[in-house]
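Structures for review follow.
The following pair of complexes shares a single chain, chain A, combined with chain B in the former and chain C in the latter.
And then the complex of A and B:
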């Protein structure tokens, strides 16, 4: 199917009548995901959003439930979000991150009703990247500028129009309701050509990396890797696959809520025990954890690398600690 | 010899003579317009040191509480922080060699991004007063002075106030300029509130500001304390985010060296300097004190004089 760029705003406005539509918008000079009512607000031409797509299914701060204590007892209200949602224009790296996060939020040990309910009620419209940024390395980590994995519907930008493909049953069902024009053979061929030809930086070789890291826990490499890190959480909070969280109760008098907040392994508090003991004493142990979790532990557990190559950690690190360089350094070690 | 070559010479000599164990400076980063803190421990590694208009981090962070003998390549604001940290007992002056570099100001990637419509920059050539930028579909030349960090535009101490060796010519000290703060003060309370709320809404509580700040070194920050929880831990409350910054500013009263490292580190582009500089201006106006400008003045909060103004007290 095909839709011209002139019609895309109308299409989104129409979708917003039935669904909560979340799309990238320009706000405060940054590209951010936001719920829109009017399709004109969507900004589909820029690259990655500042904050990663995970925030749609796994918000930075989420009130899990509210409670009120009174003479009659305790009243609790859970906040499972069931609203039917279309996420429109998510880049393939962010979409892939959701596929990875699915492993974490639903497995043989744990089922996360908050994440999974949103996930079940969300249709993802992926948008291929005709112009990957210099910091993008999705092609190195099993993703790619036109990777369709995880998208229900996939868009390919032909300049004047988007070629639209239904990928999953959920996506095809939605497309069937929209009465869009069929793409011509020429347009389909142009989309296929783009999809086949455009790649991001694919030079970071992660083959065999998990095994290598597996034998490196005590390697002196970790002594130097972290040295310039100042220990903030910019890399983890802006990472689409980092998923650690902390839970806190926030209460005032008899009303309160239980909040789940993103947490970061770069903070000392992350591993501080109630006894006062901290098993990860410094940047060395924290950076080892960060790299190991993405490229070894996650691979062990879910048979996938927990990095989608979006480049946000590279762009936003205050000291330019570049994960691509860290991986190249690991590879270069004897 | 240019500044980079001179830095390498001095660093190599210090390491070769075993006068220091380590030289902390900058190396070329992995992206255009980026340099990165670098730790040279051998004369060979000292060859990687550079100096450019992108050496934006405050390196005082890396020389605090060290037991080894360290040399640091330090610009004006790094040295102000070092002076303040020496006075607070965080740096042993005897173990630190300061290689001062007069700084003409560092360029702000966020302003450059705005100036070129945030296209990908692939190549940068430094032409002295100008930067020439090249991308896939554009070429643009920008005057460094136009895209300098706000903190660099108002910097008074471009030349390090103390040093063991100075690389290059000292630059003249500049007049204080608090026009930005005066403009903010002139707004109504409602306008100021609205402005701060809008900025704090962007906060993701990654604490890059706190971590980049050379003067923020509490072993436990109040925001991390769980019992009592002084502040909400999430980023969803603008009030909590503002409270975090307000307390940070108060903790830095008389201590902030106005280096702007907090604002430079913020991935969300929050105008953090505004609150800090308001405090810096007030401390100067009320107590005549400036942090980190010499080794002799006692820290502003450590002294009391009968002529101190008290008209703000109840």
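And then the complex of A and C:
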């Protein structure tokens, strides 16, 4: 199917009548995901959002439940978000990150109802990247500018119009309701050509990396890797696959709530015991944890690399640490 | 879909000052709803998140044994926000409990085996659960000889003093208590756990050991000397935790989460993991 760019706003406005539509918008000087009512607000032509798409299913700060204490007892109210949602224009790296996070938020014993309920009620419309940025390396980590894994519907930008493909049943069902024009053979061919030809930096070879890292916990390599790092945690907050969180209670008088907030392995408090003991005392141990978690522990647990190559950690690091270089350095070691 | 983050309500029926320094209290809780008593099925070695409404929750090993019906017990040191609030609670207060969480001591696998249990300081809570479980008339016949070595800095810091006296009077458990330095009126042993373990030289099929890192470090070689192979030394780890269900990411040792894959590991398993706990 096909939609011309000047019809996109109308399409989104129409969708917003039935669904909560979340799309990239320009707000507070940056590109970020937000719920929109008017399709004109969506900004699909710019590069990737500042914050990763994980925040749609796993918000930076989220109230899990609240409670009121009274003479009669305690009343609890669970805040599971069930609103039917369409995420429009998510880049393939962010879409892939949700596929990875699915592993985390549902394990053999437990289901994170907050994440999973949102997930089940969300349709993801992926948007291919015709012009990957210099920091993008999705093609190195099993993703790519036109990777469709995780998208329910996929858009390919032809300049004047988007070629629209239904990928999952959920996506095809939605498309069937929209009465869009069929794409012509020429347009289909142009989309296929883009999808086949555009790649991001694919020069980082992660094959065999997990095994190599597995034997490297005590390696002197870690001694110097972290030296530049100031432990700000920006890399983890902006990483679409980082899923660590903190849980805390907030209360005033008789009303309280439990919130969860993103947290980061780059902070010393993250692992500090009540006794004062800390298993990860310094930057060396914390950088090792970050790299190992993505490229070894996650692989060991879920058989997938926890990096989608979005490049946010590279773009936003205040001291220019580059995870691509760290990986290349690991590879170059004997 | 069951929500693993929601606590069930329990009533604090006893807030007992356990140690002479008053820093450890034992909390006895009763279920408010009968069906919760049915559904909260746990094994010795598991833990739970204990919640003070308005303050938050923190993970603690369950000190009661599943054989003690209708209640849960936790012995908690006064350390942070939640534990300080717990210590101040009046009996009758409603608290929240989320669990049971984590794996347990392999009591099924230990059936028919003799066992040495070694504990130090206040890391004796899930060990109490285990001992209580084994000593229950319904279970005692399933296990062989039981030796318990338990040490604290001084007699006042030993937990469960009445129970220790009762166990000492029994013939089906060999209880050895020890303190760090001689104190007037103390009839037990004097010396650190590694030294006392060496003196006792336990010869059982399995050992379970729980205590501060320094105690573990020096007792481990003694156990090896006594002939325990790494797969027969069972330990319980404690890492900072939040979710308790393997998602929040902070308690990992290598690719294992202490909250979900543990907290109980054999030394053989830990020998395969990075030394980061």
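Here is the rule we go by: the second predicted complex is superposed on the first by the 333 of 334 C-alpha atoms of A that agree within 3 Å, B and C clash if a C-alpha of one lies under 4 Å from a C-alpha of the other, contacts with A are read in each partner's own complex, and residues count from 1 in each chain.
Everything below uses one rule, namely that contacts are C-beta pairs under 8 Å (C-beta built on N, C-alpha and C of every residue); 3 or more make two chains touch, one makes a residue touch a chain.
Just so it is clear, the structure is predicted and the values come from calculations on it, not from any experiment.
Touch criterion met: A:275 reaches chain C, while chain B stays clear of it.
Of the two partner chains, neither chain B nor chain C is touched by A:5.
Contacts of A:134 after superposition: chain B is touched, whereas chain C is not reached.
Residue contacts after overlaying the shared chain place A:109 against chain C, while chain B stays out of touching range. Of the two partner chains, chain B is the only one touched by A:314; chain C is not.
Judged by the touch definition given at the top, the superposed model places A:248 against both chain B and chain C. By the touch criterion stated above, A:212 is placed in contact with neither chain B nor chain C. Residue overlap on chain A between the chain B contacts of one complex and the chain C contacts of the other covers 246, 248. Across the complex, chain B meets chain A through its residues 29-31, 34-39, 57, 61-62, 114, 118, 120-122, 136, 198, 201-202, 204-208, 210-212, 224, 226, 229, 232-236, 264-265, 267-269. For chain A in complex with chain C, the residues that touch the partner chain are 64-65, 67, 69, 73-74, 76, 78, 80, 104-105, 107, 109-114, 116-117, 217, 243-249, 251, 256, 258, 260, 263, 265, 270-275, 277, 279-280, 285, 289, 292-293, 296-298, 300-301.
Chain C meets chain A in the complex at residues 1-6, 9, 51, 53-58, 77, 79-80, 83, 94, 212-213, 238-240, 242-243, 245-255, 260, 274, 276-277. Across the interface of their complex, chain B is touched by residues 28-30, 46, 50-51, 60-61, 131, 133-135, 224, 227-228, 230-234, 236-238, 246, 248, 250, 259, 261, 264, 267-269, 314-316, 318-322, 324-325 of chain A.
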